[in-house]
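All chains are identified by letter, namely A, B, C, D, E, F, G, H, I and J, in their written order; residue positions are counted from 1 within each chain.
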Amino acid sequence: MIGKLEAGELIAAERARREVSWREISEAIDKPLLWTIAALLGQHPVGREDAEKVADLLDLDQATVDALRRQPYRGTTEVVPTDPTVYRFYEVLQVYGGAIKEAIHEEFGDGIMSAINFKIDVERRLDPEGDRVVVTLDGKFLDYRW
Amino acid sequence: MIGKLEAGELIAAERARREVSWREISEAIDKPLLWTIAALLGQHPVGREDAEKVADLLDLDQATVDALRRQPYRGTTEVVPTDPTVYRFYEVLQVYGGAIKEAIHEEFGDGIMSAINFKIDVERRLDPEGDRVVVTLDGKFLDYRW
Amino acid sequence: MIGKLEAGELIAAERARREVSWREISEAIDKPLLWTIAALLGQHPVGREDAEKVADLLDLDQATVDALRRQPYRGTTEVVPTDPTVYRFYEVLQVYGGAIKEAIHEEFGDGIMSAINFKIDVERRLDPEGDRVVVTLDGKFLDYRW
Amino acid sequence: MIGKLEAGELIAAERARREVSWREISEAIDKPLLWTIAALLGQHPVGREDAEKVADLLDLDQATVDALRRQPYRGTTEVVPTDPTVYRFYEVLQVYGGAIKEAIHEEFGDGIMSAINFKIDVERRLDPEGDRVVVTLDGKFLDYRW
Amino acid sequence: MIGKLEAGELIAAERARREVSWREISEAIDKPLLWTIAALLGQHPVGREDAEKVADLLDLDQATVDALRRQPYRGTTEVVPTDPTVYRFYEVLQVYGGAIKEAIHEEFGDGIMSAINFKIDVERRLDPEGDRVVVTLDGKFLDYRW
Amino acid sequence: MIGKLEAGELIAAERARREVSWREISEAIDKPLLWTIAALLGQHPVGREDAEKVADLLDLDQATVDALRRQPYRGTTEVVPTDPTVYRFYEVLQVYGGAIKEAIHEEFGDGIMSAINFKIDVERRLDPEGDRVVVTLDGKFLDYRW
Amino acid sequence: MIGKLEAGELIAAERARREVSWREISEAIDKPLLWTIAALLGQHPVGREDAEKVADLLDLDQATVDALRRQPYRGTTEVVPTDPTVYRFYEVLQVYGGAIKEAIHEEFGDGIMSAINFKIDVERRLDPEGDRVVVTLDGKFLDYRW
Amino acid sequence: MIGKLEAGELIAAERARREVSWREISEAIDKPLLWTIAALLGQHPVGREDAEKVADLLDLDQATVDALRRQPYRGTTEVVPTDPTVYRFYEVLQVYGGAIKEAIHEEFGDGIMSAINFKIDVERRLDPEGDRVVVTLDGKFLDYRW
Amino acid sequence: MIGKLEAGELIAAERARREVSWREISEAIDKPLLWTIAALLGQHPVGREDAEKVADLLDLDQATVDALRRQPYRGTTEVVPTDPTVYRFYEVLQVYGGAIKEAIHEEFGDGIMSAINFKIDVERRLDPEGDRVVVTLDGKFLDYRW
Amino acid sequence: MIGKLEAGELIAAERARREVSWREISEAIDKPLLWTIAALLGQHPVGREDAEKVADLLDLDQATVDALRRQPYRGTTEVVPTDPTVYRFYEVLQVYGGAIKEAIHEEFGDGIMSAINFKIDVERRLDPEGDRVVVTLDGKFLDYRW
């Protein structure tokens, strides 16, 4: 038996070694790109059929397939991320977290953006002064309701 | 002398008491909404003219204007945010942080989304199943370059 | 200007000094008991009319009323609660958190109990071997949905 | 020799792989559902007979049975839970912990809800606006008594 | 309004300044010594009559009496105590915590010593090799009972 | 080579499996009960003869005997204990730590209870309202002496 | 009496309000720029004459001068800096700390760069692709010597 | 499969055992010294050709080469470094972090030194009073730009 | 009423302002130098006569004298010291803590150096290669004794 | 390949098992006692000849010798030591850290005791009231010098 995070590291390494892109995998299982990566890294359960397609693509063993299919314990053990690519999003939260909260309350009233009924996308926007990373967070508004 | 965070709390309270919206303030100083809120909460320095316009709108004293104009020490003292509206964004980072990183590297190569050459917006998207909060993070890609 | 937590401490102290029960206050504003206490301690915004009724009951000043009405930054600064009455609920999470998660997934599928579309109640159940505290958490199920 | 948490992970994985529900297991050993899950995840000692019934159901080896039977060191190493399904209960504590404490003191006097003489249940309540997760915590009141 | 911990510090300082012993105070209100000290430091609510007797003894004002009477939020903000006299008890827990747990389970079965239905005493035991501090913790056994 | 904590876990598991009580072991080596448990869990060095007697009783190998005999690095890696049976003693420290300190200073002057020249015992006291766990900490008083 | 950090905040605010640059101050007291800023922010003791010159420039009172002259308790209470301008240097340490250590050992042998016999400078280097911040750390090598 | 940090430890150990200097390795792959060390310790991805050259030099197996080539998760798990050679740089940040920030803002305006478009060098400067370690951080200035 | 740490800061500032050395104070009260500084900074209770002598020397008010005389809650709130002069002693513990422990056990058997029956001194040792700080810790050996 | 800390644990265990004292080892390699213990526990690099002498004495394999010879990453992962023998030194720092700092500044001026150009010794001082552990820290004074 192997854990889901361990399975995720194996998949990421195997994918790199074989030079299979995440996009190819997401197309093979016909799922959104970000969902696919998150799921294969261990943050979502993967359906049987999809897990087996990924296993075929990357030649994974049954224990890895079993791990993919299990319900995850989501999140990481890192409180503040050290990796610069991830840290910048934590920094955005440090600098703009209060402003996002105020903007949501002003536009919608007291409530939150759901992180469950939620999707996320990462896109490249061409720009002559340097291309831009555009990340869109899209979650249902949930109002505080007793 | 008062600090920038203290000034931010005063402004937020005064704005609520007078029922002046953040959007009205942002329009009065002709700046983007999220920038305006972040700046008035103490996360950006505010130019003299803008600080004085805000002071007029909310009847702030000179010490608060001085605080607005100073260069901030950005961020908060909270490592993991406790407020649910803010926490959901931390949760997004816990669940999707690894996937965002992989997607950036696959699309752009080794590098980061800048959080400095950066803008953010919060919008309402109408949806019959419940309106949605759409947050767009838009930062210049910076590649690791020695 | 005073903060919401400070206002909450003032109200709790004043309530005790005057021997006004939380239940009397909740009936005066016709709101559920637990909502009322949480709101007056600073965890929910209180409507103008309700804030003024509470101010009349406890002879609060305008700054406290303003604080009650403001949008809260929810949560506390305490990571692990030290008070024994509160700690027992943290202990329940330490001991039964994993089991609650499994039971939700088995009964509902992959998702969570909302803490926003949510209500809570505390009741006394008579029992000859010693009365029991019965706390009911009641939140909408939200399934992971992309 | 394997530890109780390791045994719990094995059982959870094996249960998922064989598509045996926690409810089926709890019925096989005639114990409440939540107690059963908690115990098999390593939070309670399991009696010899029950441990062997579970071993038969899931084809566990003797070392796992021994682990089930041992007295646990309860709790987890995670101070703030990262998994969203578990985190929501921590959030409830952050937002309503103070109110629960006040309500217990007002109704019962100075004391606590026991987490030892205690039971917990998770139920589905049908609701046309979306079914609800109802978690009932039921513990004996213990008053501070010298 | 002053907080209970602040009131506790005032009382401790006033007591020292006036050279009134804790024992004299505990005798004046006819309560056990350790209960008295803990309560006056802010860890237990003090009844009206007792609070007023202490106020007379130490010439405390009404705000301090009000604070004494309020329900406490128990515990301190210190995770690991730095004061050597207190730290030794934390060290005892580090070194003997596991052994105490095993001894309780062996003698009583699965359960705990209550810290609520509980009393504590500190005594001096004469000893020719150096007098000894004898601390007795005495709590009701509570067995895990569903 | 195995570590002392690992040896302690092995001994605890083996003892449970063979249904040998800690008391039987402590009698076999003619040492106090609490000392014996603490030592076998890895918190004290065990003499050669005693280590071998325990090895005979529980059929331990030489590496475990070597581990028992080594000088320990005492304590655990857990800052706040999560296990409820152990936590209650941490809670006692949170609630009564200040009172214990004051009582020691009043009775003995400025100093501490030694945790080195120290013994501890756990006893059952019969009580018609429920038996009680009585833990006695008994350490030499050490006064601050330059 | 005011503390050195408080004095530093006052000076920084006053300097900004009066639009006096750090460089002008450093030239007025004829000290290196970085030393001057660090010292005025409370990280070095300032000599009497220099403290008085700064007081004249910024119209500081005697308590601030006294604070400047005292020996500092150096450092800040922030373990991981949240401000982006400061964080990048922490990130450099996270990413290149190990490499710096290896390079020092290879070039000098076992030892360290002193942070006491040390100077630091920040310069602008013109660059057509965007000017560069060049920070030079210059400390005496100290070899491990018994 | 082995991780990048594990690969880095293997390379560092192997390099020491064979007495191959980091400089020799950096010259073999024609890359700057600090970049080379950081990359081989696991902080940068290494191109195929370079990874194979290093593998030849140090007789590394294919799994280590694969690890070198993968995209890193940068940073370490250590929040405050304990090693004295590394700690001195953390101390520099504690003592001079605020001054560096002020100097950057005065010279360049509101912004940061990039740690991505960035290079670092460590040099020996001869000095009759003891040679000096000179570390140069050289990063592009990025101004806050919405 | 003022606290002991606050009193300590006042005394340290006043001493510096008046250019009275710690040694002069220690001679005035005829106590060892290190004991005197520690006590005046709030780490030991000071006798009435000594407190009054210090008050005369530095012109302290009665509240400060009362604070000096009270029993301290020893230690600081800083877990890892940031000040370089203090940090070096923490570093010594990180690097040599294990060796000190082994040396004590080899020379004395299982036990500790008391930090209560303890004295400390700081001396200057002249040395042509640079004078040396010699700190002597001198504590009674306490053996583990049940 | 084994790490230096792992090698240190092996050596400490082997030394105990064979009843070879640290002093015997230090004499065999003709190095000071404390340096020897620290180095063999992994805190200093050991020269080839010395490493081989130790290997002969304790019958260590080549991987352990290689580990001894490597440059260490110094320090431990423990922020506050739990072992009582080590903790007392941390306590000394908590109680006397401020006093040591003041004494150094008064005697030497602004600066530190080096922990690099440094030696330490542990001695037994006979005393009729109980022998004493005398630890001498002896480091070069380094003054703050730009």
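The working rule: contacts are C-beta pairs under 8 Å (C-beta built on N, C-alpha and C of every residue); 3 or more make two chains touch, one makes a residue touch a chain.
In UniProt terms, the chains line up like this: A, B, C, D, E, F, G, H, I, J = Cyanate hydratase.
Because the structure is a prediction, the values reported are computed rather than measured.
*Asks:* Once the contact rule is applied, which chains count as partners of both chain A (Cyanate hydratase) and chain E (Cyanate hydratase)?
*Replies:* Under the touch definition, chain A (Cyanate hydratase) and chain E (Cyanate hydratase) have C, D as mutual neighbours.
*Asks:* Shared touching chains for chain B (Cyanate hydratase) and chain J (Cyanate hydratase)?
*Replies:* Touching chain B (Cyanate hydratase) as well as chain J (Cyanate hydratase), we find G, H.
*Asks:* With residue numbering as the guide, point to the option in G-H, A-H or C-F that repeats D-F in over half of the contact pairs.
*Replies:* Same contacts by residue number as D-F, out of G-H, A-H or C-F: A-H.
*Asks:* If you fit chain A (Cyanate hydratase) onto chain J (Cyanate hydratase) using only Cα atoms, how far does it have to rotate, to the nearest 5°?
*Replies:* Rounded to 5 degrees, the superposing rotation is 145 degrees.
*Asks:* Farthest chain from chain D (Cyanate hydratase), comparing Cα centres?
*Replies:* Farthest from chain D (Cyanate hydratase) by mean C-alpha position: G.
*Asks:* When the centre of a chain is set as the mean of its C-alpha atoms, what distance in Å lies between chain H (Cyanate hydratase) and chain I (Cyanate hydratase)?
*Replies:* One centre to the other, that is 40 Å.
*Asks:* Just the number, please: Cα centre separation of chain G (Cyanate hydratase) and chain J (Cyanate hydratase) in whole Å.
*Replies:* 32
*Asks:* Would you mind pulling out the distance in Å between where the CA atoms of chain G (Cyanate hydratase) average out and where those of chain I (Cyanate hydratase) do?
*Replies:* 29
*Asks:* Return the residues of chain I (Cyanate hydratase) touching two or more other chains; collapse runs of consecutive numbers into ranges.
*Replies:* Residues 12, 71, 73-76, 80-86, 91, 94-95, 101, 105, 111-112, 114-118, 142 of chain I (Cyanate hydratase) touch two or more partner chains.
*Asks:* By the touch definition up top, name every chain pair that qualifies.
*Replies:* Every pair of chains meeting the touch criterion: A-B, A-C, A-D, A-G, A-H, B-C, B-D, B-G, B-H, C-D, C-E, C-F, D-E, D-F, E-F, E-I, E-J, F-I, F-J, G-H, G-I, G-J, H-I, H-J, I-J.
*Asks:* Of all residues in chain F (Cyanate hydratase), which touch chain I (Cyanate hydratase) in the complex?
*Replies:* 32, 35, 44-45, 71, 73, 101, 105, 110-112, 114, 116-119, 142-146
*Asks:* Quick one: in the complex, what on chain E (Cyanate hydratase) touches chain F (Cyanate hydratase)?
*Replies:* 8, 12, 21-23, 33-34, 37-38, 41, 43, 74-76, 79-81, 83-86, 88-108, 111-115, 117-118, 120, 122-125, 127, 129-142
*Asks:* Given the complex with chain G (Cyanate hydratase), which residues does chain B (Cyanate hydratase) contribute to the contact?
*Replies:* Spelled out, the residues of chain B (Cyanate hydratase) in touch with chain G (Cyanate hydratase) are 1, 3, 66-67, 69-77, 115-116.
*Asks:* Along chain A (Cyanate hydratase), where are the residues that touch chain H (Cyanate hydratase) in the complex?
*Replies:* Contact set of chain A (Cyanate hydratase) toward chain H (Cyanate hydratase): 9-10, 12-14, 16-17, 78, 81-85.
*Asks:* Touching residues of chain H (Cyanate hydratase) toward chain I (Cyanate hydratase) in the complex: what are they?
*Replies:* 80, 82, 84, 87, 91, 94-95
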